[in-house]
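I'd like to ask some things about the structure below.
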């Protein structure tokens, strides 16, 4: 069974689109006239950071965490509180915040990752409710429902302007994007997808499944924390609403619309979810229904989201559809479930 | 002392019955379809809001209103099943993706209810009397007590359907293995449709009965469902009875925590407790049944 | 089709069109109303906006101000502080609004305050009660009382009647938790003992565990911080269990949903109110409101909307403000509005006791500290609200 | 992982027992596989061969008894440790990764060779890139070996069952195993596919690959294996060359009798 002809391996995806996204991001403030647009752009990047974490965890590794908004909130609270209460300089507060969210994710993840699908979803949701409940109740520490102020970023004694803050957020988002892309294009991303698709087989190939899940959970927690810090420096406030249901709904909407398990889904989705309410204001009371219908349409008719439309074209063009192959693939899938 | 304890237990039973009802409806759907229905609480909201419509606006007698509430719930449930669940199952979406679909469904239902009823809280006229009833030294009222009756009634009905009818057998078979069920000539879509309808009716009736106590508000759905979720995973999602027991457990815990501990931190404390239970028993307190099948 | 126009404008904005304002043209009289018109605080946002229209629509119908109509741009913040901040920024930077009115829940108001100070745009907060909102305030003013003023009014009344022991019960949503916290803060310095603080879940149908603890702590007066429906549940259970102590229920007690649900159990519940129903002008206004928008309980929100509208017409007519508006100087106009609000803001509105004026002077920026509250009482099985006799507190 | 090569058998099972509650699924089974040997494991339905396979591949630890691989005791080592040791397996129900391309599936077999962990992968990026390139090349070679190089970039959904099994084998081979364990590789294949598979296994054998083959198809196993272990009711009833085993009375009794029953199902 020797095959003499030599066939090239298909080419691996390049970094070019990542560079394009970052370059677009860097040019954006030059194109936008009002500070409001810059603010929206910042929010897009912040949600993109948050959702890239969720994408790695659920889209690529198959482990859901509905508790991500809690880490988002803790990131913002931590960054603010370390500065105001302990007098940390911003960089140290940033590092400290990341350490806190990493440690918390580890503590939560160690026991909870034994849980599967809906149990994991509900348990992590419980974590979000705990965090939110405490943030609302422990008024002396968290400021209760009105939250706490986050000190504005300064450079050489001057408070940073909005455009400068935008670039700080952009740097964070770019680093996140690079990490996200590195992970999914490397052997680590392959292993993550293997765990998502079939844990038993992944284990048989020597992948330490639990350890991988835990790592990605920590990565997603840390990214949520980074997003929280970015939110803190843009809004200069943090309150319990950062870990309420509507944030969770936004995260889920972003990954569904952008495309679960795609390279750029979180960014594309964030663009939609941040801008959509601004357009929907003109629909008045119909807003909520339209929003819900939007999500449904994407779920039903675009299973890989907007980003998937482009990223998956490669697959569909090559796809050879023989009825027999389809039937067998179906059978295989069914027995794998 | 004894009086306090009895009061706490009665309150636990009442609140637990509400959580248990939601958990029961969630679990009936889950056991046939392996999907958590995020829109379940919206049926409670629909029950309460449409009760206002039928009882106040249209001034129908309550038995007619009850039927009308059931009809509304069933129609919306069919929409959920045909519009979201089936298409997603047919394109082989993951259970969690279907869950996200039901969340979108919840947003649509909530948004539509907002269009119809607006944001104001509504007054739901009580079907039964709110006048005090004495049970020994305990005092309650008929509307509250009816929730306990409703809960155990639905528990019994669910048991009867699942274990005493041929149809129930096929429901259980679908839950165990849809492929085998198909071989037995059972169309699992039918079964899942039934569970959606049955759960929706259950929640709708619950909404009509809870409304006079909790008030009706278009955004009440998610508040109610959260405790139901927690009850279901505490008891064990896979079995309706385990989930219902989880509801009672949360109700009792809450009452005891409020009675003897801190009422301010009762909610977060109970969620912490649930997490700890899950760490020891990943499929819930009574979830052996599901754990073994994996 | 104004809807179409607005979405087209939004589209243009998002596509980063430059909106160059010619220097010589006068500014449009744009006012943003960012408030909750859906979600749990929707009633406050809707009622205040209605009242705002009641004041401004006739002004516009009569030719506006110097021939210019006042345009209200409305955004629904949905109890979402982040969304509110986005809309606030949009008002400041895209809509070129002269000022922002709104922000009823504290979290929403808080994020609007940040926006106002970043963008140097005046913000008139309506109902939000969080005390620190107007600490060291520059651009923000508030029409509603702080929750602490609310609590201080209650504490003063209780202290005056020689009450020594108060039990508190609140629901577990932020409103209940922070309301109770501020009450404790106001009561303790007066030497009033808090016998217990009980918290219950809004979704709990039976609150008797909390009521039992409340009963056993033997308070002289009970303070309740609920939402309407659970407030009714609490008061019913309190009376069912044979507690006869007076009950004070800030704000919520006046709401229709509460009074309907509580029915006879609600009789005698006392409410510290910033709106005095015995004032003639108040009664007339609420009759007028009911005619336009349907029956409404005595609620501070329409009064706040009304007062904001009154002050707004005064401020826009002000010479210093008009000068900047005519010159097309947006930032100048905003600063002038801040200044004029402080200067003109000592006026009698529909809130407070008769002849008690707002105090928007520098360093205060809100309702007066005393004389702003009256006590009212639920009567007639929930059908009426009447003036309360607080001496009944000390039985 | 450095493994001290010994001269003993590659795989050794000693008195392995597996109980599920009161049921004894595997009862005191012992056998060996030498280097280069292709061992078949057969038996009627419910004989315990799949359970035995699970014990060897580490899906669960046995109730008692010992398993040694390359002289190392692996009895209670979890499944993920087996591949780095040189044990690779395929699955009866094909368990390829749906989200990955054919090539990437094969690359997964080489996973343990990559740097472990996030930071090492980022820090040792030059080494990782070289490894990645190498792994792609090797995976292509393996795909070429099983005759699927032209499908490398495709989703696995587009392949037939026979092709999927070949990818599974390529993936197992990718780890460079000392022992290849195949779980019913011919199940569900048509005649042509089965012949193709047999040819490939013969080629692997010629290259010196040791294999453990669990199979239902007696003809397939008799032609492919050096030696065969026969199980019935959880017990080993024969162990020898195909010729020896097929003459064994106990085997014939157990097998033929049951096989008739199998057919009627």
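Which chain is which? They are A, B, C and D, in the order written, and residues in each are numbered from 1.
Everything that follows uses one rule, which is that contacts are C-beta pairs under 8 Å (C-beta built on N, C-alpha and C of every residue); 3 or more make two chains touch, one makes a residue touch a chain.
Because the structure is a prediction, the values reported are computed rather than measured.
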Shortest path length from subunit A to subunit B (each step joins two touching chains): 1
B-C compared against A-D, more contacting pairs: A-D
Farthest chain (mean CA position) relative to subunit D: C
Between subunit D and subunit B, distance of the C-alpha-averaged centres to the nearest whole Å: 48
Interchain centroid distance [CA atoms averaged], subunit B/subunit C, Å: 36
Inter-chain centre distance, subunit A versus subunit D - centres from mean C-alpha coordinates, in Å: 39
Whole-Å gap separating subunit C and subunit D, where each centre is the average of the chain's CA atoms: 72
Multi-partner residues of subunit C (each touching 2 or more other chains): 38, 172, 177
Overlap residues in subunit D, where contacts from two or more other chains coincide: none
Residues of subunit A engaged with two or more neighbouring chains: 133, 137, 285, 287-288, 333
Chains that touch, pairwise: A-B, A-C, A-D, B-C
Residue numbers on subunit B that touch subunit C, as the complex places them: 4, 7-8, 10-12, 14-15, 18, 114, 118-123, 130, 132, 139-141, 144, 147, 210, 212-217, 219-220, 223-224, 227, 254-256, 258-259, 263-264, 266-267
List of subunit A residues in touch with subunit C within their complex: 31-37, 39-40, 43, 133, 136-137, 139, 144-147, 162, 235-237, 239-242, 246, 275, 277-279, 281-285, 287-288
Subunit D-facing residues of subunit A, complex: 1-3, 6-10, 12, 182-183, 186-188, 190-191, 193-194, 196-198, 200-209, 215, 219, 261, 314-315, 318-322, 324-326, 328-329, 331-333, 335-336
Contact set on subunit B toward subunit A in their complex: 30, 34, 36, 83-84, 87-88, 91-97, 99-101, 103-108, 110-112, 114-115, 179, 222, 226, 229-230, 232-233, 237, 264-265, 267-268, 271-272, 274-275, 278-279, 282-284, 294
Interfacial residue positions of subunit C with respect to subunit A in the complex: 3-4, 6-7, 10-11, 13-14, 16-19, 38, 75-76, 78-83, 85-87, 89-90, 92-94, 105-107, 110-111, 114, 118-119, 130, 132-133, 172-175, 177-178, 181
